[in-house]
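In the two complexes that follow, chain A is the common piece, with chain B as its partner first and chain C second.
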Partner chain A sequence: MKLTDREQDGVVVLEPKGKIMGGPDATLLHDKLYEFIQQGRTKVVIDLSRIEWMNSTGLGILIQGYTTLRNSDGQLKLAKVTDKIQSLLTITKLVSVFDAYDTVEDAIASFN
Partner chain B sequence: MSAELLRTLCYFLTGGFLIFLAITITRDNFRSRLNRVTGAMLFFAGLGPLFMALGSVLAQSATAPLGFEASPVYKLRHLWEFFFPLLLLFSCLFPFDRLSRAGYRYIRLAIFLPPLMHSVIVLFFDQLSSALDIFHVDPGDEGLSSLVVQPLATLFSWLKLTLNVLRGYERSIFAVISIAYVVAAGYFLESGRKRVTNPKILTQTRWVLTGTRIGLGLYLVAQLGWMLAPRLFSEGVTSSLLVTALLAGSGLFIFATIRHQFLDVQMVFRQSFVNTITSALLVGVYIVMVVQSRAIVASMFGVEAELVSYGFIILLLLFFQPINNWVDDLIRSMFMRTRTDHRNVIERFSRQVISLFDPTQLRQTIEETLKTTLLVNRVYFILYDDSITEYAMLPSDDHPRRVVIDRQDLMLRGINLLDAPTYYRSLTDYSPGSDLATMLETRGVRMVLPMKDADHLLGFVALTEKAAGYRYSSEDLNLLGVLSNQMVSALTNARLYVESLERTRLQEEINMARQIQLDLLPSNPPTIDCSTICARSTPSRTVGGDFYDFIKIDGDRLGVVIADASGKGMPAALMITQTQAMIRSEVNNGTPIASMLKNVNQQLAATTSAEKYVTLFYGELDTRRGTFHYANAGHNYPILARSDGTIELLKTGGLIIGALPHMEYDEDTVTLGPDDMLVLFTDGLSEAMDENEVEYGEDRLRQLVCNHRNQKAHEIMETMLNDVRSHDPTSPPRDDTTIVALKMNGTISAHE
Partner chain C sequence: MMKPVIKGNSISIPSDQEYLSDVDVFIEGILRGFGADESAVADIAISVSELVNNAILHGNKSASDKAVAVTISKSNGCVEISVTDQGAGFDPCDIENPIDDANLMKEVGRGIFIVRSLMDQVEIEASDRGTTVIVTKCI
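Presenting the complex of A and B:
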């Protein structure tokens, strides 16, 4: 997984690319979020459009990120969720937990 | 050849031999005080026999002037007595240097006074005697001058008397002094030997001591015998005894030097030394034979035939080379078997360490090798400790505590830069503020041996000074370089061995965990009325994160569980075991299904981090009513294939278990009719991938179940596994794979 980030309208937009699996991916995302929280930037959108695949550990990483931000009075939202991930979220009933939007702009707008 | 001639020859050879030895030892390492003192001692020891030989030759010579004993050169013979103070000095240097410490400077000079006096008296007796006569006072002379002169004259006459006594009894007096030296030296050597711990120095000391003892014993017998029973101990007997004493003492010195590397004499020198002596002896024998060839031939044939004697000489010369080689080899094999040869050390060391995997034993071998071959006094190990990721100085005899070294220590960083054995004194740039430097200095470290594997410093060995104050030669440095490389491979081997043991142990533990996990799975599917059930779970690793369970609630009801923990292997297995236990206890308490999942989620969310979760499906089959009551916590939808070909998915429930606390769950009930088939599975099946990373997919799985809905429970299970395996033949599967299949009988009829 590769991870780039940018800021738009006071919201951090994370753009992971590739596959989200266990191991180093978990630390990478966790460290990034921790960094944002330290800087007081707790509104985060993850753009999932370029994620090819995600396994159970990858899903765990997203949940961890969600919890971490929520514990710091922040929020994690998802944007451009692919069909594959959408079905994963549906089966696990995580759709009820994550706010997911069709576009990054919608996700950002939802913070205001 | 008369006995007298033989004895003269013997004196001459002994003297030459000792002086040659003295020169060799001194020349090889002039910087070492021990070598200098030993050289000087042997040199003066050699002077004795040489003068005896000279005296013997002159006494026999017909042309010698009478009273040759008064000749200035012959008078010098007493110089050999300097041997005794030098022997005393030697005993103070070997095996321990007692002189460097205390200020014995004047005593060191004073012990040379008696032999000096002896020589001066013998050389200048007449001059001294007449010089003491200058204040001769006539008996009748009285006056002022006599008042001044008289006391001086008295003093000088006393001095002259002393001188006369010394001259008259010089031999006895100085013999007694020499005996005193000998006894003192014997005492020092003996007491020094008791302090020796280094095994090699101990062997050397034994040989040197034996030589000294034999020499001293013979010397005492000769001198005391001459003093007490002069008739028995004539001049000839005494001198023979003295020469034998010198020969025995020096012979054993040489043996110790060559065989046990006594003194800092290098291999090359020792070898050339032996060669020189053998060649000299052989050439000497040849010269005698050539000179005597005429006489030998005459005695053999009874006539003097000049031609035959030439032939004899040629024959002798033809044999010279082979005989010389043979003698060479013989002596070499006698002396050079020594294990101090560095090649032997390396060979022996590598042979030993290759079979040593115990780090402690390995260190002991290294220490022993360094102590015996290089005569290092003490050896310290500073090694990297994987368990604490720090360097630590290991305990030693004199410092029994292990000391951890700060990784930022300047000296440690300095040593990290080294590639070869290095003198500690060249590392002083790194000493300021370094605790390690203080430690090394208090331990008297002289040499540092870094052990590097690629660029990683495994640690280093610190060596103190060598025993008896020998220096580290360039030969030693080369040897240390090779040894440190060998130590690196040995230490690495030992570490890998320990790691492989550890791995084996871990694997055994995992195997035991697998057995426990297998035991936790129901061994046989329960037999129940109106349906058949079968199940199979295959972990992708030794232990897995899937499980299924059947829990008999009462005569009519059976609980069915399938679950999948996130991740794989041991962490997933631990979580799944906990979940299984919680489910079983909730079911036994009779908790309603939705509350049960809520409780389990609450407990698991509280004890694990958010990224660890379990997808879980729990259902209860009621055979009497023909119903299936269930809740799905984020698990892959179980497939219910009706006998008429319709497919239903059991979705009702709630969020995956363990991710977030305070979750609510829904439950639902489906009615099961005759020949209906229910299939529960984990994502190991639906997410199996072919080589193009195309997933098998849930749709395909549903279609498959639908198409084969008429099969029996165990048949549909095989069909599914086979079809998935044809999509992804990887074995064992990439992910844990579990199926539970439940097939209703054809005769079932719902009651009520």
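Presenting the complex of A and C:
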């Protein structure tokens, strides 16, 4: 997995690319989120459109990010969730946990 | 130091998550050769990654002298994959239901549940010499 980030309207937008299957992927995203929290940047959107697939490790990373940000008075939202990831969120019932939006712009606007 | 070894339709890797991508490249290549569509490739690749993660972390407990073996075959339109570790085995009944409210926000514990959801058949053969999980999906 590769990870890039940018800021738009005071919201951090994370753009992971590739597959999230375990190992170094987990620490990469976790460390990035921790870095943002340390900087006081706690409104985060993850654009999932370039993730080919993820497994339960990827879902665990999303939960960890959601919980960590919430405990820091922030929020994690998802954007452009692919059909394959949506299917995983549905069968694991995590669809009820995450706020997901069709576009990154919609996700950013939801913070206001 | 052990390295991944490929023999025909099998790959053996050391107990290190660093080699997950080697297994993925190997499995996805064979699946495309079998004519599987991209959705089936993803479902099977996700499942294999879950099983190999479990074999490395929970089966072999990341022991450097233990390996994980993955074998893939196709018969009558169905793909069968076995994942074998060299650990102490486990009782599948001990796995908690990840969609219970009490477990929903846990960061781990969904692997086998996801495999059962994505694959057509899952068999677990556990002994004190290791665990083999055999999964089947018709493509």
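Simple rule for what comes next: the second predicted complex is superposed on the first by the 112 of 112 C-alpha atoms of A that agree within 3 Å, B and C clash if a C-alpha of one lies under 4 Å from a C-alpha of the other, contacts with A are read in each partner's own complex, and residues count from 1 in each chain.
As a convention for this text, contacts are C-beta pairs under 8 Å (C-beta built on N, C-alpha and C of every residue); 3 or more make two chains touch, one makes a residue touch a chain.
Source: prediction; values computed, not measured.
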| item | value |
| --- | --- |
| When chain B and chain C are modelled together on chain A, clash or fit | clash |
| First (chain B), second (chain C), both or neither touched by A:M21 | second |
| Which superposed partner A:Y101 touches (first chain B, second chain C, both, neither) | neither |
| Contacts of A:L59 with chain B and chain C, given as first, second, both or neither | both |
| First (chain B), second (chain C), both or neither touched by A:K93 | both |
| Clash with chain C (superposed arrangement) - responsible stretch of chain B out of 477-485, 531-539 or 585-593 | 531-539 |
| Contact residues common to both interfaces of chain A (with chain B and with chain C) | 22, 53, 55-57, 59-61, 63-64, 67, 91-94, 96-97 |
| In the complex, chain B residues that touch chain A | 564, 566-567, 609-613, 615, 633-637, 653-656, 659-660, 683, 687, 693, 698, 735 |
| Contacting residues of chain A [partner chain C, same complex] | 19, 21-24, 52-57, 59-61, 63-64, 67, 84, 88, 91-94, 96-97 |
| Residue ranges of chain C touching chain A (in the complex, touch as defined) | 17-18, 20-21, 24, 39, 42, 45-46, 49-50, 53, 98-99, 104-111, 113-114, 117 |
| Residue ranges of chain A touching chain B (in the complex, touch as defined) | 22, 26, 53, 55-57, 59-61, 63-64, 66-68, 87, 91-94, 96-97 |
